[in-house]
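The same chain A turns up in both complexes below, where it pairs with chain B and then with chain C.
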Partner chain A sequence: MSTSIDAKLALNRKSGGRVVAAMVIWVVLLFVPFWLPMIGGYTDLATRALIYAIAASGLNLLLGYTGGLSFGHAAYFGLGAYGAGLCLIHIAPSVPLAILGGTVLGGIAGILVGPMAMKRKGIYFAMITIAFGQMFYFIAVRWNSLTGGEDGLTGFSRVPLHIGGEAIKLGPERFYYLVLVLFALVMAIIWQILRSPLGHSFVAVRENTTRLRFLGVAVDKQIWVAFAISTFIVALAGTLNALLTGFASPDNLGWQLSGSFVVICVLGGMRSFWGPFLGAVIFIVAQDYLSSVTQNWMSFIGLIFVLAVLFFPQGLLGFIKGRGR
Partner chain B sequence: MVFKNTASLNRRNLLRAGAAAGVSSLAMPEVSWAQSEKTVKIGNIDPRTGTYAALGGNQIRGATMAVDEINKKGGILGRPVQLLVEDSQGLPGPAVSKAQKLVNQDKVNFLMGSVSSAVSGSLSQFANQHDLVFVDSGGHADAITGKKCTWNTFRTCSTTWMLTAGDFEPLFKKFGKKWFFITPDYAFGHALYTDYVAQLTKAGGTALGNALAPLGTTDFSSYLIQARAAKPDVLICLQAGDDLVNLLKQTVQFGMNTQMTVAGAMQEMEVLEALPPAALLGWWTFEWYWNQPNVPHVADFVKAYKSRYNNKVPTARSWFGYATAHALALAANQAKSLDALKVVRALEGLELPPEVALQPGKCYYRAQDHQMIANMFPGYVPKDASYPNLFDVSQTIPGGDIAKSPEEAGCKMAYPS
Partner chain C sequence: MSFLKLDNVGRRFGALQALKDISISVEQGELRAVIGPNGAGKTTLFNLISGFFPPTEGSISFAGQPITAVSPNALVRRGIIRTFQITQVFLSLTVYENLRVAVETAMGLQLRPWISRATRAQVEAKVEELADIIRITPKLDRIVGEMSHGDQRVVEVGIALSRHPKLLLLDEPTAGMGDQETHHMTDLIRRLNKEQGITILFVEHDMAIVFGIADKITVLDNGTMLAEGTAAEISANPRVQSAYLGNALEETAV
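So, the complex of A and B:
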């Protein structure tokens, strides 16, 4: 129970420290293209970390706040990616349209899958989400003519944005800022949801389903809503990832990526607003760095995860917060 | 879903320092701008993990050896050459992430590598968007130097068409007209299948069936049962890497090697090496072989490679990496520039010198479609084969005789203005 009180306190409290910390994060993010190359990084790496942060934050609305362990959220990430690519290839060469199209495709799939998953609890919920995820994966692999099969979908790129008759090319820096703006938007939306009665009902679902039922709340519907919102956000991340890499591939939909999203949430802290963001930064940087220095890099990622679960069961951010009190 | 924090504070404190130190060292990639500013950097993206790890590993070995040789001979434009190796996992997504890293962080001058055709395709597109020279060392799909050819992409290994044309005639004449295919379900496999069937139909044979197996299949029994039911003269196995190892082992377990001729397009030293003796069989095409008694320089190369790498003989993959790195250096030195377009112009028509070509005849990058024209080495696995004598080359076929013309391949090259 102490965690739920913590969470509520954290949500309601507006202590100076939190505001300062949030401002520091935003300032650091705002100047990434300036400081990251100086320490030997590159802007696309930060873009990838932000995209994963969007996805993990979306998943965490379901996982951390509503208590639904989904192992199939990569499906909506991948649907977003394929949706964006197909929009660019077949409908119109427009980045905003691709983002919108991919997000809507993934989100609608989430709305449709939600009712079939929402009645299941615990491990069964995880199983059914992974099953739907693999279903979309095999559709992508098999539907060669539309998706390019195992090769993935290629042949699209970040076409320039047209604003007021002027063509703005989306280089790595400009694309980073586009992703940053969308990241900020997503974080603001999640923040508003968590402060609203809807968000409180999500946390209530996580804490005590039985009691909520006695109070006359339609628990299943709350899970469905949380599921649908989270799939929209994850699909948005998928569209951005497709635009970053210039293609969509079946691994964007696979269970390994779903697992990575869960790992990111757990690593950073599922009970923390910034936890998925922190987890994504650690995960992406570790993956990028380790896979360059050793071919056994997956063992180290696994080791980091094991250590995190053993010693920081509330995630790194949960641990840091616990220390501060 | 509620986590209970059971770890004691003492233990946490103890490990906190260690974990924090570990994470902070991860977050700070090493910086080596000062020393590396003057080196010419070649980014090499090859699979070090996953299905194609063995093949990728040899491409890296070949390229590393070539870079050492280049540096001994004065480097590129008098500057030392550095090979930056990254792991693609054999998947296009991670490959592009690595390309972004190599281009944006390490500022490489050239890109090379790839075993999987899917990776080659994604890297070719990436390099095109970044105006960078990319030499595909080992991804075979026709489209790379065919319909999807780009001004900045070259290819060292052969096309799928050349792989199938290499041994089609001997197979068809010796073993029969009815063929069954087991095809890996991605671009490379589909391309091989299409190319074989085109030649088979033209010659008056029939394709009895085609079983599509996903990449990474370990249990081929359902496909083999289909194949046996079809009663073909020739069973064509189009898998590569670990997939082919599993398929051949199971073919022998099913006893199908006694009922029909097992054959395929491409065969690799790495695959034969991994097979149990009972599964060493079949008719195949090699793209390069270490045992070429009458060809100058080959023996020296094999000797140097063996002493460098644990007494292992070089494979076709080693040669791909070796020839690709040398070709980039030769072209840049010839162009006297690192500018992408100038290097591209130098690579077009570039003929490999005999100590790099390491095979008879002329080896060159065809100017119109950027495809390397080298020899094919069709042959068979002899009885009682043992490492390193795992293959008998029956003949060397000059690539120029069997390659599709650039027009047939469908390449329309467009250059930046």
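So, the complex of A and C:
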């Protein structure tokens, strides 16, 4: 019995360190508009990093925790972006409505695509997710009258929030805090899922579908739910991206962006709660810095990715945690 | 009336007759061993009973109900649970997490994003109970993939127990185990049978175990049934002796 008690104490020490680390992250994020400009950054950069962190964390629920390799999640990011823009243009000039509309649009698409993609496993699953992603991409490019075609959808902006009769303008700082609140909400939702029977069953799907099936569990239903939740979260990120940049582009739907989301998860650590966040920060900062230095920034990102996979196969966070053991 | 009954069951794969004319009846609470050389059809038999595929001839009934073409899921709900020749567990999770997800899915909670404190306590109590039965409590925090093969097998049995099996099918539960692990597993099988009252069918190659714990033994050879009976009947059966047991019997007699 003493070994069990020792192990539990060690576990408590470890989770104690985790709580401190998480608190540091939240404090650092809370004061971004104050310290980031001092070191030569700008608030929109942090906003973009958070948006990518939302998308990657959502994808990772499927990728890292359920074991479903999707190379098509940008489709839902893009649908969120277009949904938000179209809501602002055609329905009502309201930021909350745009966020809600875009998220629901992308999420419903995910609910519909999920069962079709799940007909196949492994690499075939990945291929089907790409195919659906490209389908949405070509719809966006071709449906000129609605989507603005190759040029993307423009003509909308972050209209002021109306709270209690007062108009609150969403400047870069205020928008950052709006995104931060939504990021916190998403992380709380994912945290809650991972500690629930639903999340436990996701991990069991990743570990051994045969075992689960022979316990009488409908594995496909679990994957579908994971797929759907992840697309809602990725679509939410897409709406925020449209509000950040003021337009929605076909690139928001394309396979390159889907690949970037996967890279972010792998880079940061797919088995870690904070891994996708860390990956997103590295990716966005590297992209911002490298693209100001060279046009070939993508090849440097690729190099970073290859090195990370070679030397930190568990991702950066997996590597850091492994050293703590 | 027998608990599990196979009537002239056969299974054909194209031109290959994997099993032919198998008639077995197992009583409730029985501990039954299935033996036979490689390729005798033991795993095929398990696949038929657990609904992995249906028989091409004959019929199977369980607890008085026909189960000939019932799906594996439905059979799990009726209480027929199996383990596999290749251990099927959740490798990168701890023993505790393995048993927890088994208990939670057994309680039908797998779509619940939150549960009450009371339900959580219920899950934990059930996990502790299972860990106690399989005697793995001191190792609950260990990652299953880092444990010995024997311990992994025990965890697999623990997962199967989460379903409250009435009939447990164990496919070579002691294969590849050392002496101590084998002893642990044999003891577990016997306790599950005697203390929990679970009817058990197990495939086993180690004759010392078979003759040591089984109430009755079914001998398969080349897809047919060679004999069925108690240890004494089987060891006295000349057909079994000539076809299969010869050497093994001499060894256990020493």
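Quick note on the criterion: the second predicted complex is superposed on the first by the 311 of 325 C-alpha atoms of A that agree within 3 Å, B and C clash if a C-alpha of one lies under 4 Å from a C-alpha of the other, contacts with A are read in each partner's own complex, and residues count from 1 in each chain.
Convention: contacts are C-beta pairs under 8 Å (C-beta built on N, C-alpha and C of every residue); 3 or more make two chains touch, one makes a residue touch a chain.
Remember, it's a predicted structure, so these values are computed and weren't measured experimentally.
Q: Under the stated touch criterion, which partner chain does A:225 make contact with: chain B (first), chain C (second), both, or neither?
A: A:225 sits against chain C, while chain B stays out of touch.
Q: Per the contact definition in the header, classify A:43: touching chain B only (first), chain C only (second), both, or neither.
A: It touches chain B, and chain C stays clear.
Q: Is A:90 touching the first partner chain B, the second partner chain C, both, or neither of them?
A: neither
Q: Between chain B (first) and chain C (second), which, if any, makes contact with A:192: first, second, both or neither?
A: second
Q: Regarding the shared-chain residue A:119, is it in contact with chain B (first), chain C (second), both, or neither?
A: In the superposed model, A:119 contacts neither chain B nor chain C.
Q: Can you tell me whether chain B or chain C touches more residues on chain A?
A: Of chain B and chain C, more residues of chain A lie in contact with B.
Q: Please work out whether A:201 is in contact with chain B alone, chain C alone, both, or neither, and reply first, second, both or neither.
A: A:201: touches chain C, not chain B.
Q: So, A:217: does it touch chain B (first), chain C (second), both, or neither?
A: second
Q: Using the superposition on chain A described above, determine whether A:169 touches chain B (first), chain C (second), both, or neither.
A: The answer is neither, since A:169 touches no partner chain.
Q: On chain A, which stretch or stretches are contacted by chain B in one complex as well as by chain C in the other?
A: 3, 207
Q: Under the definition above, what is the set of chain B residues touching chain A in their complex?
A: 1-7, 11-12, 15-16, 19, 22-23, 26-31, 33, 48-49, 53, 86-87, 91-94, 96-98, 100-101, 104-105, 117-118, 121-122, 125-126, 129, 185-187, 214-215
Q: What does chain A use to touch chain C in their complex?
A: Going by the criterion above, the answer is residues 1, 3-4, 7-8, 11, 192-193, 196-201, 203-204, 207-208, 210-218, 221-222, 225.
Q: Of all residues in chain C, which touch chain A in the complex?
A: 50, 72-73, 76-77, 81-82, 84, 88-93, 97, 100-102, 104-106, 109-115, 123, 137-142, 159, 162-163
Q: What residues of chain A sit close enough to touch chain B in their complex?
A: 3, 37, 39-45, 48, 67-69, 122, 141, 149-152, 154-155, 157, 172, 206-207, 245-247, 249, 251-252, 270, 282, 285-286, 288-292, 295, 297-298, 304, 307, 310-314, 319, 322
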